[in-house]
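Every chain is named by a letter (A, B and C) in the order it is written, and numbering of its residues begins at 1.
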Amino acid sequence: MVIRLLRRLGISLVSLFLVAVVVFLLMQAAPGDAAEALVGSDATAAEVEAARERLGLNEPLVVQFGNWLLAAVQGDFGTSLYSDRPVIDSLLAAAPATISISVVALLIAAVLGVTAGTVAGLRQNSWADRGVSLLATLGIAMPNFWVGLLLVSVFAFDLGWLPATGYVPIEQGFGDWLRHVILPAFALALAMTAEVARQTRGGVVDVLSRPYILAARARGASRGWLVRKHVLRNSAIPVVTVFGLQSASLLGGVVIIEAVFGISGLGTLAITSVVRQDYPVIQAYVVLVALIVIVINLLVDISYGWINPKVRS
Amino acid sequence: MTTSAASSAVVPSQGKRPAFRTVRLILRRPAGAVSFAFLVGLVVTAVFAPVLAPYDPYAQSLSEQFQGPSAAHWLGTDDYGRDVLSRLIYATRIVVVAPVVAVGIAVLLGLPAGLLAGYLRGRFDAVLSRIADALLSIPAIVAAIAIVAVLGPGIGPTMIAIGLVFAPRLYRIVRGATLTVVEEGYIDAAESIGCSTRRILWVHCLPNVLAPLLVQVTLMMGFALLAEAGLSFLGLGVQLPEASWGSMLKAAADQQFRAPYAVVPPGVCLTLTILALNTLGDVVRDVTADRKNS
Amino acid sequence: MNATAARHETVLSVDTLRLDLLGSPGQPGLVEDVSFQVRAGETVALIGESGCGKSITSLAVLDLLPPQVVVASGTISVAGEDVTAATARRMDALRGSVVGSVFQDPMSSLDPTMTVGAQIAESRRLHLREPRKVALERAVELLELVGIPNPRARAAAYPYELSGGMQQRALIAAAIACEPRLLIADEPTTALDVTVQAEILELLADLQQRTGMGMLLVTHDLGVVAGIADRVVVMYAGQTVEQAPTEELFANPAHPYTRALLSSVPQAGRRLTALPIIPGRVPPAGAFPAGCRFHDRCAFAEARCLDGEIPGNRAGRQSRCHQA
């Protein structure tokens, strides 16, 4: 178990390192010069050269990357070319909004997806099953930002129940925070909910056909007991897998959802940085998102062992 | 005796006929036929857009802003008084071209790499697969944004970005399929009679990875369309006033407080197209799986 | 209740049972005109080739038929209670408490994500409402009872950590956890190594003796029957063709199918020659021939065997054959 974990951790670190390398090389291909951008267009050649020296841009690429990595590990992702602020400060300022939407969306997807999938799987070919199937197919096909726009049209502009845009930090009141977070979270969660529901249904149908379910029923297990003690846990592995895969695309989707709802989170920061050609911010952002995805995958992998004791050995 | 042994060891025959049969099997299923017809309709619309569109998609008429559906403008007008239906029709050109180019780039990179890795295995495969796995931990949209940041906004860079992002995904599928083929043994037979690596890859491996490749390509078209729309919505892809369903959604979103339901038509088009591609992908998967089992 | 009364009490009675496959109207039933009884303290073997309807009959007793199979007519009563008329809730209460069951493949009959002890404790928690800790403690005792060494450690183990024989012992422990009046063992040794098979049968026989429960042993293996069954019910193509006390059946089989079945089993003391085999194969459900269902494979078939129902109950001997 410990060895498996260490091995898995090692692979994760290698992945993260490779991501950092690729993103670093990609940013090298970007047009423009960081030094010029920093000192401004009316600076003299000498000033630019001084800036180059200060930023370490005259060093070989390997050294530059090493310096970046060394600093990054300590939480220093360099300085924004646009605002002169440390990149990490901009990221940390934008993170809470993104985290709020993503976490609420994950919760919605988990609760709604697993419930709908379980109901559909238990009542195979019933109306409920067909309904869930249809909704799941639609949910996967509808672009999340369009769903967001529709939600805004209905709940904000037409009914006026919820705010159309903006984000309120949770410290300023849970209710207000939730009112701002709920629509984007729902729009973001839809596709993932659909995938989780599909996978859960498939898992439940598969598990129900297993002999140990018959054996448990022969012991007198009622429907509720069967679901709680046997079905859910055994059908969890494919569900957890899809959960890991989908959380990656959810972290991508949140970028567009932030734009729909005018929320200044990490995605918005990334987009404005693209427009401003603020490469250090983009670089840090991509590596950070990859780090989160890698950690999620690691957790998913660990959970396999928890779900199925055989994996532990 | 020798002939039968050889023919059973060589690749199961893959002429043009099985390809036609696959298409027939796909069309025989209602879901397959409907999605296929829808997509063909899209291509036709794109080709004949100038004939089909009732108005010039770029003709502005500020006196006719935000009109609802009417006999003159079936789907109403947008923020500059342009005919929404005409813009939707012209946008199909992006819809048809962008995913094909993007997925084409992914195939161009992912297919040879996947074939080679699956066939050669060893260190080449290990290194490539490790890198592909690492890249896959960057969400598609995020990776595309990073690439667009370097290439600059626009529909061209967007397609390249999406293609680059999908390449490792395609690589994984092709590599996996090639590995199974190699392990089935007839590649050994081809090697033993002295086939060159190139011949083994193109004549023996490729036909056997076509089925999973086809499924993946169909599904990827949907993702590519979604990614294009998303990036255009963010203002990184298709630039206004050029019409793409994504850029139209962005225009509608910017004026949402004035015309809340202008977001409906482009979204419906997007959803239906993605639905058709997903459904077709599922049908192709079922059909090819059935054929393999039979 | 005194001992003699308990001895003679009928714990399972299947009467003219017919099972139909939904969506195939007009077809003969999967199972037709099946009648037999199991009394307390008695082991009855239900024997036949695969596809003869013996397993589906035992599932009908538990009211655990697959959704496409229904009881068309006849009755099944377990300890005096009509199973075919019982509510789902009532059946949950009967299964595991009044009827225990053991199935064929022990590995797949155990939930891989749950400890062995927890699965044994399950029926005590469900039926006797025992708290988890108490039920787990009882599970350890049960594991000891079925002859598993170091039961406390085994109770905490997961199924994959046990051998096939141990797994089946654990499942037997789970089946008898609430001291059922009837135990249904459906091919309990088929998936096991030959050496382990004998141990499991011995265990079943021993438990049956000690508890005085009735046991229905579903099997295709005559060797299994000879050792522990008091009576044998032979099934062929969805019908019971013969039933008799074990010794009588072995000594003097009445039905040609039973005779053919017996002669295809190697026996100690007999000279080793080529074993006779029954020509042809068991007809699949839905393609049962008219008349005697065995007539096309029977060496003694005559004109009257080809049509008409052949009654299974005759004076003296229960054999579904015109000649015996």
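Just so we're on the same page, contacts are C-beta pairs under 8 Å (C-beta built on N, C-alpha and C of every residue); 3 or more make two chains touch, one makes a residue touch a chain.
Bear in mind that the values here come from a model prediction, so they are computed numbers and not experimental data.
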Completion exercise
Contact-count maximum falls on chain pair A-B
Practice task
Name the chain whose C-alpha centroid is most distant from the C-alpha centroid of chain A.
Solution key: C
Practice task
With chain centres taken as the means of their Cα atoms, state the distance from chain A to chain C in Å.
Solution key: 54
Exercise for the section: Starting from the mean Cα coordinates of chain A and chain B, work out the distance between those two points in Å. Expected result: 23
Problem - Distance between the centres, which are taken as Cα means, of chain C and chain B, whole angstrom - result: 56
Problem - Contact set on chain A toward chain B in their complex - result: 14-19, 22-23, 26-27, 29-31, 137-138, 140-143, 145-146, 149-150, 152-154, 157-158, 164, 248-249, 251-253, 255-256, 259-260, 270-271, 273-275, 277, 279, 282-283, 285-286, 289-290, 293-294, 297
Problem - Residue numbers on chain A that touch chain C, as the complex places them - result: 210-212, 214-222, 225, 229-230, 233-234, 307-310
Handout entry: In the complex, chain B residues that touch chain A
Key = 130-131, 133-135, 137-143, 145-150, 152-153, 222, 226, 229-230, 233-236, 249, 252-253, 256-257, 260-261, 263-264, 266-267, 270-272, 274-275, 278-279
Problem - chain A-touching residues of chain C, taken from the complex the two chains share - result: 62, 64, 89, 92-97, 99-101, 103-105, 108-114, 119, 122-123, 126-127, 158, 160, 171, 174-175
